[in-house]
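Pasting the structures here.
Shared between the two complexes below is chain A, which has chain B as its partner in the first and chain C in the second.
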Partner chain A sequence: MRASTQGPQAAEVLYARLLGKGTYSYAPAIDRDAARGCIAADGLPVFRAEAWKYSNVGKWYQAALAPAEAPSVGETCVPDGVELHRFDEPAARPFLADHLGAAIDLARHPLAAVNRILLGSGVVVRVPAGRRIDEPVNVDDIGAAYEHILLIVEPGAELALVETPITATHRVVECIVAEGARLMHRRVQPRGQAPQCGLIAAKVDEEAHYSLWLVARGTELRRNDIHVTLAGRGAEAHLNGAWRLGDREHLDNQVTVDHLAPECTSRQTFRGVVGGRARAVLNGRIHIAAGAQASDASLTTKNLLESTDAEVYAKPELEIYANDVRCSHGATVGALDEAMLFYCESRGIDRDAARGLLLRGFLREAIAGEEAIGVLAAGFSGAGEPLGATPAEDVASAGGEVQ
Partner chain B sequence: MSDTSERTDDAIDTLVSSEYAAGFVTDIETETFPPGLDESVVRAISAKKEEPAWMTEWRLEAYRGWRAMTPPRWAHVHFPEIDFESISYFAAPRGDKPASLDEVDPELLRTYDRLGIPLHEQAMLAGVEGAGRTPVAVDAVFDSVSIATTFKEQLKDAGVVFCSMAEAVREHPELVQRYLGTVVPRSDNFYAALNSAVFSDGSFVYVPKGTRCPMELSTYFRINAENTGQFERTLIIADEGASVSYLEGCTAPMRDENQLHAAVVELVALGDADIKYSTVQNWYPGDDEGRGGIYNFVTKRGACLGARSKISWTQVETGSAITWKYPSVVLRGEGSVGEFYSVALTNNLQQADTGTKMIHMAPNTKSTIISKGISAGRSQNTYRGLVRTAPNAHGARNYTQCDSLLIGDQCGAHTFPYIESRQPSAVVEHEATTSKVSDDQLFLCRQRGIDAEKAVAMIVGGFCKDVFRELPMEFAVEAGKLLEVSLEGAVG
Partner chain C sequence: MPLLDIEDLHVQVEDQVILGGVHLTVAPGEVHAVMGPNGSGKSTLANVVAGRPGYEVLRGTVRLAGEDITQASPEERALLGLFLAFQYPIEIPGVSNMEFLKAAIDSHALARGEGAPSAAAFIRRARATAERLGLDAGFLKRGVNEGFSGGEKKRNEILQMLLLEPRIAILDETDSGLDVDAMQVVAAGVNDFRDTGNAVVLVTHYQRLLDYIVPDHVHVLAGGNIIRSGDRTLAELLDRDGYSWIEDAC
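Presenting the complex of A and B:
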């Protein structure tokens, strides 16, 4: 349910005010009409709409309407062999014409439509066909409240992308993964304050491979819409995510994997540790279109609740219109197993350190790597919370030694 | 397509294309209200039932609330807008209510005979209906009225009240006033509000303290009249330490128009009480092209108010053009238990959006959800569920398993489980799988001389076993047969 059925006038005023913030002078060649059409038809999402059941979209509007601070421009490093064009450069035009919005259904993602209308900065990152790039591309802030990163991995090419949206109010990352190409996408979201939303949309063609590695903390309101379309036969997607929230952090991940072609595979693994007064939301939808036979899809999400004021909302969904499929999902919510803690303690590991080790092991089921653990641990260690930056730190803080 | 799958398809075709056996119309003189709904209709229904003023007022308030509400649109079902002004809200066989079974119109008795519902106590007790079987007390609801309730005397001896809702309002107003609308409030949802305003009949059960109900209770709902809706209301109260098992069955004639069935069922379990509620839902599902059939929009909810109380829902859903129902349990008593076992089968153009809600609001509460969905033809079958643990639900436990079986490549199977957890020591587990009747399983059966048709029936039966074994014996047999019949012609 959108604004059109709940307080339409309020939503219109809101929309007008949002539009009032825009200058529209950036990259005028971009088609903004389709986005305007979507908003005109369906309205903006409003408080208590089903898709925003657990997140107050109003907070995001407040942030979007607040007087803009000068957006920061972070570092964007591009290794040899990768092309980088800003949207307002003439060199970007052919890529924009061919690919911009190809992976995005604006009617499903109204905030992405707002992003399109108010777009202030965008970059095209292109890897030519057959090129394998070993060094990752890094994109942090690109200098606007509304950003769009268009990543084109041409047939047979390979790339790793590492991106961290910091000051953007809304970031769209659009990945076009052509036949036989591979893209490894790392999204790192450290703890923040301001409300922030975004869309990651990937279109994965025949025999292509897309993997997402999401390490996230919350803000007052953080929402990641993730939409992966397996568009060609034999395409594959692996989505892994880990989050650890405390205080009043809020993280809402809305994930959809669309199996449109036959013989595609998707795997989703999410782990969350939620304490304090934090709220974690995961909506994981697997959609198998009619004709997408021999699809193989699975999703698991496991969550640990650390306090009675914390909240976990999990909604794994299956929507299946083909019969020759293997689909499953699983979701659990609980606390750390006392028996495991006791096992560690009986072997001389202090309770806090044991918790740290167990939490680390739990999160590592989704995401491995010390960098990830560092992001997830920030702000927790030293405050009586275990899970230090490294296993050594955990054990050392407990007066022990690492074996 | 391989030879195996072709034969499988043929087998499933035959299996899925049987006739709806309960589709006949009883030719009986009926008194029907003209279509349309306003306060005067609500008052007229209340007057027909000779209700006291408080009941009329209760209905009117529900009606006023309903006027301000809009129909829910979130379910995964599609149908044209219902014109609530074209429905007749009351239909009953003409004549006074019969004082005993002997006075019931023979045409009505024949109807229930044809449906296999035993209304002859003497015959049943004399063993004519099958010696050695435990009798089942039946409340037979025909369109808007209850026409007979059997074994009332025997039940009365045990202290159990089993009667029609209309009678309960007259005979046991204190119980009705105390519990009616406490589990499903009048403002709960659009269809519950409508039901509260116009409900005509249904069953009322009260099992007193420490009493185990001596026999199974059953209500059989039959829609017969044209262009009417059926709005029955059932209220079951199990007092402390009481225990009762209740069965519900339903059928309707085959017609090209859709008919609305909007029921409300409320269960109340006090301390240590135990209620088992089983449904075999076989409303007319419409024809192969999706013409006609019942819209089954039902609100069923139980409240475990006392410590260690238990409510168990078992449902086999094979009928209705559209099913929209979520039998739920609110676990308020410490250590109380909620269960939901469901088989939902859709074929042709049927649509089902069904599941349950388990609301854990007290420590050490437990719930189990086993849902089996089978989609065939061009049908859409959805499981939608909610498991919520409140911050005080220490040590709560939920286990949910939702499996879907797809037969044919034109149907859909969907799962939308909501998990909302706010208590660290609560453990919530959900798992779901979707698959089809596999060629390997079929091959294995056929290799051993079991023909494809039987093999599919066996595989489906095995798939549903976890639920069927929760059903009372007679219902389990009935359900198994119903499933075979509903599946006829489904493969291909």
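Presenting the complex of A and C:
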């Protein structure tokens, strides 16, 4: 399968570059051959392929070839108890050998294979067994167009990660959540211009817990592949997403939750507000393997359309090979409720403010709690944006604790 | 000058005339009860005065403290001092009661040319008012009307009224769905609110609310018109004889 319909020349050039003989300026101890094998065997994805029918991957190929801007590399500081190693440091080697790619099937995620071959920067973030880290780790730019963050939360450890890919053309965040560990992953994607794709892959072991908050706006083309593997008995994943798109923004979320072990739980809750000529996609696949008895999985996605030209594609998929499971899914697309608007207006809140209030409330059905206000504000800040923090929200964040 | 002056109000909903020339004048300090059987147009009257979309005013005017609000937006009416307690309060998931109230109060303060109250001052006041209505502090953090019982929803309407301090409050069947204890709490809230500068219009089926909130005037609405007005003894008459005599009168 070779790209030919969209961005064909870019795809050809990229393909040749990926498989050609060359040296890599960035040479950590990683294996690029498996990735080259995947690309050689299957080619690059094309726009007409089922998995890419909503996103013109040709635009991404053009961006992939563009000379990378030198990103402003923020200093990534980690709290006490957390280890941070660049991939090209010797200290990273054992972790790369043991874990790199453990959560990723490159054949299913060809752009992650591209990322592996062209990798320009990677970091290992490790929390040793049993350590509970209260302060979140923040990772923004780590200095390349192709980035890989390998997060290892060892047995019984706990960590919160907040990450914002800014200039990366493709970022992989790979999460290894060991037995009994907990990882709170907060992904914030403000509005951008350049095409941007990425993969979030999590492998969640026995009795471990992974939660993802995705707060996103769009770009000309933005695609998030999210693949969570519940690999050990009793593992749990909570995936929550809120997006707000306008103009010609594009956001394509392709989510897969694999229940491979018994007694695992997954909850997916997504809310989207889509206006202008924007396009939002959620393809949510729940796969229950034959041995994964007593699985409990649900997915709901609700969307508000703000204009007649906006597009929402919401597609839950269930694939079940076990006979003792509880699975549910639901998807809705609608407009803001006039009765709610009238209720707000009847209290003296003008229509625009009422819309902002209702939209924030709608999105907070997916991303809730006091921490949510800051995360939503970070994702949705900007001039004229009705979803930024308001004085009333400050009250909400104070939570009525003032005596 | 009357606080509310409804003159010859004709209203239609989806090609059906619901109100056919209602006159009602409410002076400061007064409590009026508008009673009537199901389908008489009571809720239409309450909603059309508040500016709810979907009602077409064919003729007549509504004035609030002398200002013609017949064509005003719901928000303008609210900021001029009109409050409607909803018969069926709307649930707004994801928006806390606290945030909703603060947005409303800030909007009123801005309209008066004042600064918004500080979060601390607002929270103190909201909590104290909620307490008076038997609502605990956690109530303010919950989503607006989300999962509230019928009684909590109605008490929440009264909470909003007490915080927004309107000049005229229209209570649309606020007594429906309330047990006696809850009705007493709601009535106490309304009686606290009453003063010489504001006015209340109670829209109700039953006389029982009027045992707790004593009206100065009682009106019977039937077939889209006020067919009889009187003092509180009229409500007692309705309680005793029901509405069947009205059909004869119509």
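General remarks:
By definition in this document, the second predicted complex is superposed on the first by the 347 of 403 C-alpha atoms of A that agree within 3 Å, B and C clash if a C-alpha of one lies under 4 Å from a C-alpha of the other, contacts with A are read in each partner's own complex, and residues count from 1 in each chain.
As a convention for this text, a residue touches a chain if its C-beta (ideal position, glycine included) is under 8 Å from a C-beta of that chain, and two chains touch if they have at least 3 such contacts.
Fair warning: this is a prediction, and the values are worked out from it, not measured in the lab.
When the two structures are aligned on the shared chain, A:L358 is found in touch with chain C, with no touch to chain B. Comparing the two interfaces of chain A, the one with chain B and the one with chain C have no residue in common.
Interface residues of chain A, counted against chain B in their complex, comprise 1, 50, 290, 293, 303-335.
If you check the complex, the residues on chain B that touch chain A are 73-74, 389, 391, 404, 406-436. Residues of chain C that touch chain A in their complex: 50-53, 73-75, 77-79, 83-84, 86, 89-90, 92-96, 98-100, 102-104, 106-108, 111, 116, 119-120, 122-124, 126-127, 137, 140-141, 143, 160, 164. Residue ranges of chain A in contact with chain C, taken from their complex: 337-340, 342-351, 353, 357-358, 360-365, 368, 390-396, 398-400, 402.
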